[in-house]
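Next come two complexes built around chain A: one with chain B, the other with chain C.
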Partner chain A sequence: MRSLYRNLAGLIGFFLIWEGAVRVGLVPELFVPPPSEVLATTVDLLGQEPFIRDVIATVLAWAIALGISIAVAVPAGLVLGSVAWLRTATRAIVEFLRPIPSVALIPLVLLVVGGGPEAKITLAVYAAVWPILFNTIYALAEIDPVLMDTARACGTSRSRMLTSVALPHAAPFVFTGIRMSAAIALILVVSTEYVAGASSGLGNFILEASSGGTNMDQVLAGTVVAGVIGYLINDGLERMGRRMFRWNEAVGEAAK
Partner chain B sequence: MPTMLEVTGLNHRYGKGDGAHVAVRELSFSVDAGELACIVGPSGCGKSTLLRCIAGLIPPTGGSVRLHGDEVSGVPDDLAVVFQDYSRSLFPWLTVARNVEFPLRWRKLSKQERAERAQEALDAVGLSGVGKKFPWQLSGGMQQRVSIARALASKPALLIMDEPFASVDAQTRFELEDLLRRVQREQQSTILLVTHDIDESVYLGDRVLVLSKSPATIVADLAVDLPAERDQIATRESAKFVTLRGEVARLLQGGPAAPETAAETSDEATATADAAEWEATEEAAAETGDSAKEASH
Partner chain C sequence: MTQVTDRATRLRSQAAAGISGFARNWLVFIGAVAVWELATRLAASVFFPPPSQIVTTAVELWFSGPASQLFLSETVFDHILPSIGRCLGGWAIAVVLGVGLGTALGRSRTGMEYVGPLFAFFRAIPPPTLVPVFMVLFGLGPGMQVATIIFGAIWPILLNTVDGVRSVDSVKVDTARSFRTPAPYWIGMVVLPAALPKIFAGLRLSLSISLILMVVSELIGSLNGIGHELISSQQQFDFPLMWSWIVLLGILGYGLNAVLLTVERRVLRWQPTRNDDG
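For the complex of A and B:
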């Protein structure tokens, strides 16, 4: 509880400095409205149906993208993690594809899949598969050989090894990858909406609000909402992870 | 007593050609049902390789292992292994009870039977109340008891233990040693235990097999004629115990056995000299081993 207050203290301090800077005239009020105004606009927007539609469009695209990323990266990671020659064979192509900024693929994606929600989902998936993929491969490499021997000595067949040892062992690592990918997917969804001018979504709302140059309170309100969504996603996943992998945190603490 | 384990002419080498390392050479022995046999050898002599071959975890490059007459290829169903490193061999995501039930997962048992067997095994090692805890919530000694309980739960024909008490403190070690002897007699288990601790091998064993330095061969096979009921203080002070541990220590150093037993260990003395020779020309030996192996094919 105390840490919650401290977190809030930091946030309130940030808003106070912002408010002060605008009031004193350090930044022009036209471009950077004070937080009091932005928050009022945010509350106002949350009561408007078109804005809520944009929020839902973004969150939905994010959820679909993360779901696809998990469905692609976890099995691929399990295969690459357990088949050494395949890992070696794919290393060059993976290391070539991974550093490409997803935004650079926007023209290609728009041409191939069109400008609908598929575009942002495709790009978010492209960026979000890597952390999950690498964490899964890493987790498999980290399995203690003594644990594997123990399982084998207990009569565990090779095919059951995956479900009874490899998966439970890898789960917390994979989950950390999912948490990283969740943030990346949100960034990609919002920025594709903004850059590629999608027909709906938070990024699109920010783009349209900013076009006149006079609605900066709305632009910032959209940004704040994007930030809050990101915060809630991360916080929710963190809580879920702590609950699911209580054993892993405790093992980690014991090892410290 | 019928023979439970029969190891014949076991060879194992890692790698091929000139770079090959011979870990186990022409090793033969057998263990009777209900016997607690200790294997003692210098560290790095190939004890672990030997155990892994016997447990079916790795196929030996030569020779055969038979468990109650059946050739071992792959891990036999009725075999259990307790490793030295309990913290690495218990599944951290499973509770203590689930860990103990683990070897029963693949057997045709009802859920209830499985839980009962696990509880029995936990009772036998004095851990009745901790089934719902996780391994990391227990002390090291208790964790190793969980490993032993898990091995007992599967009611193995042969229980293999790889330096099971090397990672616990001295006091706990004494407790666990007595626990093991008690459980072994109660359940009539056949146990093959590897240790580098001479005192432990004599205190625990009905028999002590002494290994040479790498590549591992059997230097001596000594019967421990101490009373079945052993006591950490009185037994370790007894003249018989002191004589035996001295004998094992001499054999481990590669020297001849004690004078009064020289007659019965003439074979072993030859083996010792053999081992020393092998040690001196280790590289050549590896090659000889190879060619001997190839010739036998």
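For the complex of A and C:
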């Protein structure tokens, strides 16, 4: 209970310092409005339909992108993790593709697929695939050989080994990968909306609000909403992971 | 004597395996580029120029300077070096702040309770959304870019450092306390080495974030830099040029990560259970 009070005290303290800094004139109010104003704007915006539509567009694009990433990366990781020669053969290509910062592809993707929702989903998928893929491959490489040998000695079939030994072992690692990817996908979706001036979305809202340079309260309100979405996603996945993998001690260890 | 020869043979076989693995990787890589070349020549799409054309453009763009500048062209000095400088500069500041604050907060029992939720929230904010705020505060230019990079890169380092500092073995804590180890030694020789693996995991993540934010901030508001050149080549529909910037960013990402990994392996060599997969 006491930690909850301290959490709240920290948050309130931050807002008071911010409010004070603006009121005293440390930062110009035109550039950084005080939190009271930002919060009022946030509440106001949450009641407006166009804003809600932007938020939904962003969250929907994020969810689709994460879904596609999982559907692509988990099977690919399982195949690459269990077939050694395929892993060596693709290694150079993967090592070359992965370090390209996904945002470097924004201009290319805009040209090839246009500025619609497809663009942000494509870029988010490109960025979100890697953590899931690597964590899946890593998990399969780390299976305790004793487990595999025991299963084999009991005459377990190959498919049964995959479903009953390999998958349960890999699941917590894969889930950690998904959690990392969820955060990255959100960053990419918002960035693309912001850079490309997509037709809808939170990033686009911030871009339009900032274009005049006078609506900083709206910009910050959009930022706060984006932060809250990111926080809820991360917190929700963390809780889910803790519930699902209560039996596993390695959940924290896999966070690399 | 036998031990020495044993070691020599083992080293030799390791070296041989390393070289053959290296050669195989490069063979696959060259094969992939050949397939790429063939596919783009057959498809003949303007958006996807063949790699040979990209390389010619890139070489002309970067290595056409006079011998006094090591054949590096003006582009390198006007755009590439400033970009790398901002990326690494912002990252370095984030490292200092993150490790420093993280160590302090990790040592304090109640400190994290006050700021934990706040930091979790800050980390969840997609950093590009703060670009407009930094833009009005610092203007168009390096200040805004470095501020964006610091804000994006600091959280993984800070939170990982807190985690690492907290996970110091309780036996070590008690031993050091019973010897009345002075605080500077205690931090420098017990806490930080124990936290290093976690810190390095945060460093790697934040380095790639720095590179991403460098590009984003230059795409949005900059007068020079790799991202600025990337978007202006797209607006001029000069696709080989655009691709050479994309390839350069790939090389940069690969190179920075490789350097950091090498440093990490050297620094953490004493760790008994170190896997090289990371």
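Simple rule for what comes next: the second predicted complex is superposed on the first by the 241 of 256 C-alpha atoms of A that agree within 3 Å, B and C clash if a C-alpha of one lies under 4 Å from a C-alpha of the other, contacts with A are read in each partner's own complex, and residues count from 1 in each chain.
The rule we apply is simple: a contact is a pair of C-beta atoms (placed from the backbone, for glycine too) under 8 Å apart; a residue touches a chain by one contact, two chains touch by 3 or more.
Computed from a predicted model, the values in this text were never measured in an experiment.
Undergrad: Just from the overlay, do chain B and chain C fit on chain A, or is there a clash?
TA: fit
Undergrad: Could you say whether A:E95 touches chain B, chain C, both of them, or neither, answering first, second, both or neither?
TA: Second partner only.
Undergrad: Touch test for A:A104: chain B only (first), chain C only (second), both, or neither?
TA: Once the two structures are laid over each other on A, A:A104 reaches chain C alone.
Undergrad: Looking at chain A, which partner touches more of its residues: chain C or chain B?
TA: C
Undergrad: Please work out whether A:V146 is in contact with chain B alone, chain C alone, both, or neither, and reply first, second, both or neither.
TA: first
Undergrad: Check the residue A:H169 against both partner chains and state whether it touches chain B (first), chain C (second), both, or neither.
TA: Once the two structures are laid over each other on A, A:H169 reaches chain B alone.
Undergrad: Could you tell me if A:S191 is touching chain B, chain C, both of them or neither one (first, second, both, neither)?
TA: In the superposition, A:S191 contacts chain C only.
Undergrad: Aligned on chain A, what is the least Cα gap between chain B and chain C? Give it in whole Å.
TA: Distance of closest C-alpha approach: 12 Å.
Undergrad: Go through chain A and flag every residue that touches chain B in one model and chain C in the other.
TA: Shared contact residues on chain A: none.
Undergrad: Which residues, counting only chain B, touch chain A once they are in their complex?
TA: Within the complex, chain B contacts chain A at residues 52, 55, 57, 75, 77, 79-81, 83, 85, 88-94, 102-103, 105-106, 134, 136-137, 150, 154.
Undergrad: Chain A touches which residues of chain C in the complex?
TA: Per the touch definition, chain C meets chain A at residues 21, 24-26, 28-29, 32, 47, 110, 113-118, 120-133, 135-137, 201, 208, 211-212, 215-216, 219-220, 227, 230-231, 233-234, 242-243, 245-246, 249-250, 252-254, 257, 277-278.
Undergrad: What does chain A use to touch chain C in their complex?
TA: 3, 6-7, 9-11, 13-14, 27, 30-32, 88-93, 95-108, 110-112, 138, 141, 183, 186-187, 190-191, 194-195, 202-203, 206-207, 209-210, 213, 216, 219-220, 222-223, 226-231, 233-235, 255-256
Undergrad: What residues on chain A touch chain B, complex-wise?
TA: Going through chain A, the ones touching chain B are 144, 146-147, 149-157, 160, 164-165, 168-169, 171, 245, 247-248, 250-251, 254.
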